[in-house]
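This report refers to the structure that appears directly beneath it.
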Amino acid sequence: MWGSMFRWLDPYAKPETLYHLCGRWLPYLMTLAIATLLLGNIWGLAFSPPDYQQGDSYRIIYIHVPSAIWSMGAYSSMAIAAFIGLVWQIRVAQWAVLAIAPIGAVYTAIALITGAAWGKPMWGTWWVWDARLTSELVLLFLYLGVIALSGAFSEAARGIKVASLLAIVGVVNLPIIHYSVEWWNTLHQGATITKFAKPSIDPSMLWPLLISLLGLALLLAALTCLRLRSQILIFEQHRPWVRQLVEQQHEEQS
Amino acid sequence: MAFTSWADFWAMGGYALFVWLSFGTTYGLLLGLWWYSKRQHQQIQQQIRAKAAREQRVRQHQEREK
Amino acid sequence: MSIILAAEALSCVRQDRVLFENLSFQLSAGQVLYIQGKNGAGKSSLLRLLAGLTLPEDGRILFRGKPLSEQAEVFAEHLLFIGHHSGIHPQLTALQNLAFWAAISEQAVADPYQLLGSLGLAGLEDIPCFMLSAGQQRRVSLARLWFSSQLLWILDEPFTSLDQQLIAKLEQHFLQHLAKGGVIVLTSHQHLAAEYPALQAIELEYRW
Amino acid sequence: MSIILAAEALSCVRQDRVLFENLSFQLSAGQVLYIQGKNGAGKSSLLRLLAGLTLPEDGRILFRGKPLSEQAEVFAEHLLFIGHHSGIHPQLTALQNLAFWAAISEQAVADPYQLLGSLGLAGLEDIPCFMLSAGQQRRVSLARLWFSSQLLWILDEPFTSLDQQLIAKLEQHFLQHLAKGGVIVLTSHQHLAAEYPALQAIELEYRW
Amino acid sequence: MVMWRALVQRELQLLGRQKADWLNPLVFFLLVLSLFPLGIGPEPGMLKQIAPGLVWIAALLSVLLSAERLFKDDYRYGVIEQLVARRQGLFSYVTAKICCHWLSTGVPLVLVSPLIAVLLGLDWQSWQVLLVTLLLGTPVLSLLSVLGAALTMAADKGGILQALIILPLYIPLLIFASGAMEAAATALPYTGQLAVLVAFLLFALALVPLAVRQALRMNVG
Amino acid sequence: MVMWRALVQRELQLLGRQKADWLNPLVFFLLVLSLFPLGIGPEPGMLKQIAPGLVWIAALLSVLLSAERLFKDDYRYGVIEQLVARRQGLFSYVTAKICCHWLSTGVPLVLVSPLIAVLLGLDWQSWQVLLVTLLLGTPVLSLLSVLGAALTMAADKGGILQALIILPLYIPLLIFASGAMEAAATALPYTGQLAVLVAFLLFALALVPLAVRQALRMNVG
């Protein structure tokens, strides 16, 4: 039953088709992503009104929140790809794991850095061991673990499979980490710092946020396409179609 | 427009360091990732070409050996 | 005679290189498949494919007429695979190593001292294996061939580091296994000395 | 002819067992010492003694008439030892491994690509060595014999995992080295095929 | 069952021959614990306050590092390759490894806990909680460490890669175990934390052996 | 000198191929550092007080464990055996290993020290002292770790044995380095401690390479 349910996906699981598909989507996705991201960010930076409490520092929200949300989104899509790749032995899904992992890591790093830069004016310190911050840091370590593991094997195909397994184990643990950290922190220190208070946000602030959110999502998709193409080339390089393609592109360039 | 002048805009109400630090590192990291992925893609193509060339070399070598 | 192991249009790729393509053969009971080829031709890779450790890029392997993928467990039960590495833990003694392998394949070794003695290891049965010489370690590993009841043996360069006397003994044992209807797949850079009733040789070419 | 390497009443004990006693021989320029013996007879142990890696229980080793212990540095300069392990780092490429060994022995490899190509490794020069097959790794390790200028070669089972073609090539190279006045000490379970002008064979007995 | 017993026996033989495999982690644990007073300063008040965390961090490092070589030898000498080719014994092999790893590293930690209590100046009550958390927590530590060892088996990197992979997964355990001890030290109820530890244990027991088997298969294939 | 350059080049090639060898210890260091707040509790005051000790314990573990596999590969594949038989290159080989080990693990720690300062809430002054102690102390750490790796090369035990051997030797370093940082935090003079660190460094530089060479010889013979 599972087999037939996903039969329609089969042509997309064919590396060659997928390679060309990604190639076709890439320019559209990339332009769209850059346009939306810039629109949202510039709107947020220059046109939306300052926050009555935080002044202009709140404008960091336009990258902090999207990158924080998509850092987790990227992890779940990576884990889903890993699951599909391992259970149904679909190789392109396994390759997608390696395509997404660095993007997720960069998003997480952005969320951490922008959060820290926001924390300094708001809380007076770059870093506190708050629940959400800590679990974001752990998320970064999980990404780094997946990347490190996938690179640690002499045979790339093996590294990818093992890293996929780790990604799945990690997803089981992510909620556990999240709740345990939350519990831990509330026990240790009360709400001494007002943070993450969710004021009913003004539409003129909300729209650019939503647009930025969409922008980073599109960028995630675009970068995944780009990186997946590289992965396909790596793992299919012995195929005639790859050889031909590479030769062709070389001739076109020169 | 929430700011009255460009200078105002760059000053970000006194929070310039933090805001521009955030946006700077964000775009820096994203551009870096994009550049890295692009370069990786090209390197792989180069490697594939190098391998094809190498195969040629090996064939020649084997011809000579025979 | 029934066909036990068959390969249909196998091909194998390592890294980016095609090692062999479209390789087919059929082995029936009592036959030896002797795989030859230069260094790097792909002999070990082929054996690992046949043992089900890796999956072929193309083609399929049949055991008693059914594809491996449909009966991995059954196949594994009838298989004895010894690769480049011996499967011997260097900290354990020869006896302990034998006991481990006997337990895994759920067989009993009637008289391990007798067996090890007949392989020239008398007196070395309870010394950790790292204290044995290269060839002696290999002997411990091959001792499994004497108490196992598996049908299909896949052996990668079984003669490495063995002296001539033990090679002769091993080949005699191969003949016995074949006479009982077993099947052997092996590689070696040394010529086989014994007379095999039904020997199939495959020469893999070193390709680029 | 001058005597290059000589052993006087050597004996070797491993664990609690005497492997050999009172072993003496003399090797002059252009001679091969071919050590034979069953598995565990003590061949590798003897070679390690001769290479100065371990000290003999009794007896002494002379190099050009002087005991080893008095001129360890000089002896080491003239020695090329390749044991059971190949001395190849698996993460480095064949070229990098060669460069390392060349630097250590302060020699230069004129044309490494040419050398590796002639050993059948064309196209594999810049791949990390773990991606090579067992025999190919062995070939990289033996490439040192082609650019080294040492007088005395001590080789433990150099033919392991090599195919027949490369064994023949290697033996040709041995002959050249001997013709230049070199000395070779080696063990092998395979018979030597080439005609050596001055071959000394020692058969070590497996003793208990 | 016969097979399982034989496999456990093999592990015990290995442990018997390589006593260092269970003695070293224990000494390492004590050594790391005694580094803290040296690095941090020996004020008893502060030490006592941070003791729960320290014990658990030291335990974590020592169990983790002791697992590092668990599969390496068997992999290098081709044992695992042949087990995977045989398919049958693999699961028994995995569970035997896990059990023996806990026996050889978790149990000794539990046994030296009185010594820890003395070193760090814990009182009677705290020691009891330490004992219970160690009893519940070290099996989870062992399970996760074995998973890390299996994942990195063919990786030819040292324990540091394994630590990198597994430490993030340990964090919940660390939090709840040291949380329980802290609660006990301040005379608060701590059964909640213990219940969570039990839940972790059951969860890990159910899933980890399967994941380990899968990891071994992948590392060979 | 030509030989030495070639040897350093080989090490750098290895590091270039195995980037994990210097990236992993760095991430491990940060990971261990962030375990402490999780285990001990996040109060900034307390963290700041024990920060010097924590940084130095984490640095110690990460440098130590990263050295673990330094000679293993070369030993296993017979490189060291042949080097010992040749005698000549051995000392150059040892010094090249030590230099590259420090470059690949000590220097990155120094470089991430600002990040540490942020995570543990150190002030400007403390950070400076941290930087200086790291610059003086990490070479000693590297030297001692390499010695440990050489001693345990043939032992086929994991990093834990090496840790056991070397940790006791580290203790003086730990005491003086964290002493300097503590003194700085309380605005006391700390040049005395730094002078002692310099003395350690010179002492170790003079003796350790010789000891390492000897250890390699013994392990092969």
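Labels for the chains are A, B, C, D, E and F, by order of writing; each one numbers its residues from 1.
Criterion: contacts are C-beta pairs under 8 Å (C-beta built on N, C-alpha and C of every residue); 3 or more make two chains touch, one makes a residue touch a chain.
For reference, the UniProt names are B = Heme exporter protein D.
Since this is a predicted model, take the numbers as computed values, not measurements.
Enquirer: Mind listing the chains that sit against chain E and also against chain F?
Expert: The common neighbours are A.
Enquirer: Taking contact as defined at the start, I'd like the list of chains shared as neighbours by chain A and chain B.
Expert: C, D
Enquirer: Taking touch as defined above, what minimum step count separates chain A and chain E?
Expert: The least step count works out to 1.
Enquirer: By CA centroid distance, what chain is farthest from chain D?
Expert: That would be chain A.
Enquirer: Let me spell it out: compute each chain's centre from its C-alpha atoms, then which one is farthest from chain F's centre?
Expert: C
Enquirer: Considering D-F alongside B-D, which chain pair is linked by more C-beta pairs in contact?
Expert: Looking at B-D and D-F side by side, D-F shows more C-beta contacts.
Enquirer: List the centre-to-centre spacing of chain C and chain F in whole Å, with centres computed as mean CA coordinates.
Expert: For chain C versus chain F, the centre distance works out to 46 Å.
Enquirer: Using mean C-alpha positions as chain centres, tell me how far chain A is from chain D in Å, no decimals.
Expert: 55
Enquirer: Please set out, as single numbers or ranges, the residues of chain B touching at least two other chains.
Expert: If we look for residues of chain B contacting two or more partner chains, we find 48, 51, 55, 58, 62.
Enquirer: Hey, what residues on chain A touch two or more of the other chains?
Expert: Only 141, 144, 148, 152, 154, 181, 184, 237 qualify.
Enquirer: Indicate the residues of chain E shared as contacts by at least two other chains.
Expert: Only 18, 73, 156-157, 161, 164, 167-168, 171, 175, 221 qualify.
Enquirer: If two chains touch, include that pair; go through all of them.
Expert: So the chains that touch one another pair up as A-B, A-C, A-D, A-E, A-F, B-C, B-D, C-D, C-E, D-F, E-F.
Enquirer: Within the complex, which stretch of chain B touches chain D?
Expert: Touch residues, chain B against chain D: 54-55, 57-58, 61-62.
Enquirer: Help me check something: in the complex, which residues belonging to chain A touch chain E?
Expert: 86, 138, 141-142, 144-145, 148-149, 152-154, 158, 161-162, 165-166, 169-170, 172-173, 176-177, 180-181, 183-184, 187
Enquirer: In their complex, what parts of chain A are in touch with chain F?
Expert: 116, 125-130, 134, 137, 141, 144, 148, 151-152, 181, 184-185, 188-189
Enquirer: Inside the complex, what are the residues of chain C that reach chain E?
Expert: Touch list, chain C to chain E: 51-55, 72-73, 76-77, 79, 81-92, 96, 99-100, 102-106, 128.
Enquirer: Mind listing the chain F positions that touch chain A in their complex?
Expert: Touch residues, chain F against chain A: 19-20, 23-24, 27, 31, 34, 37-38, 41-44, 47, 118-119, 121.
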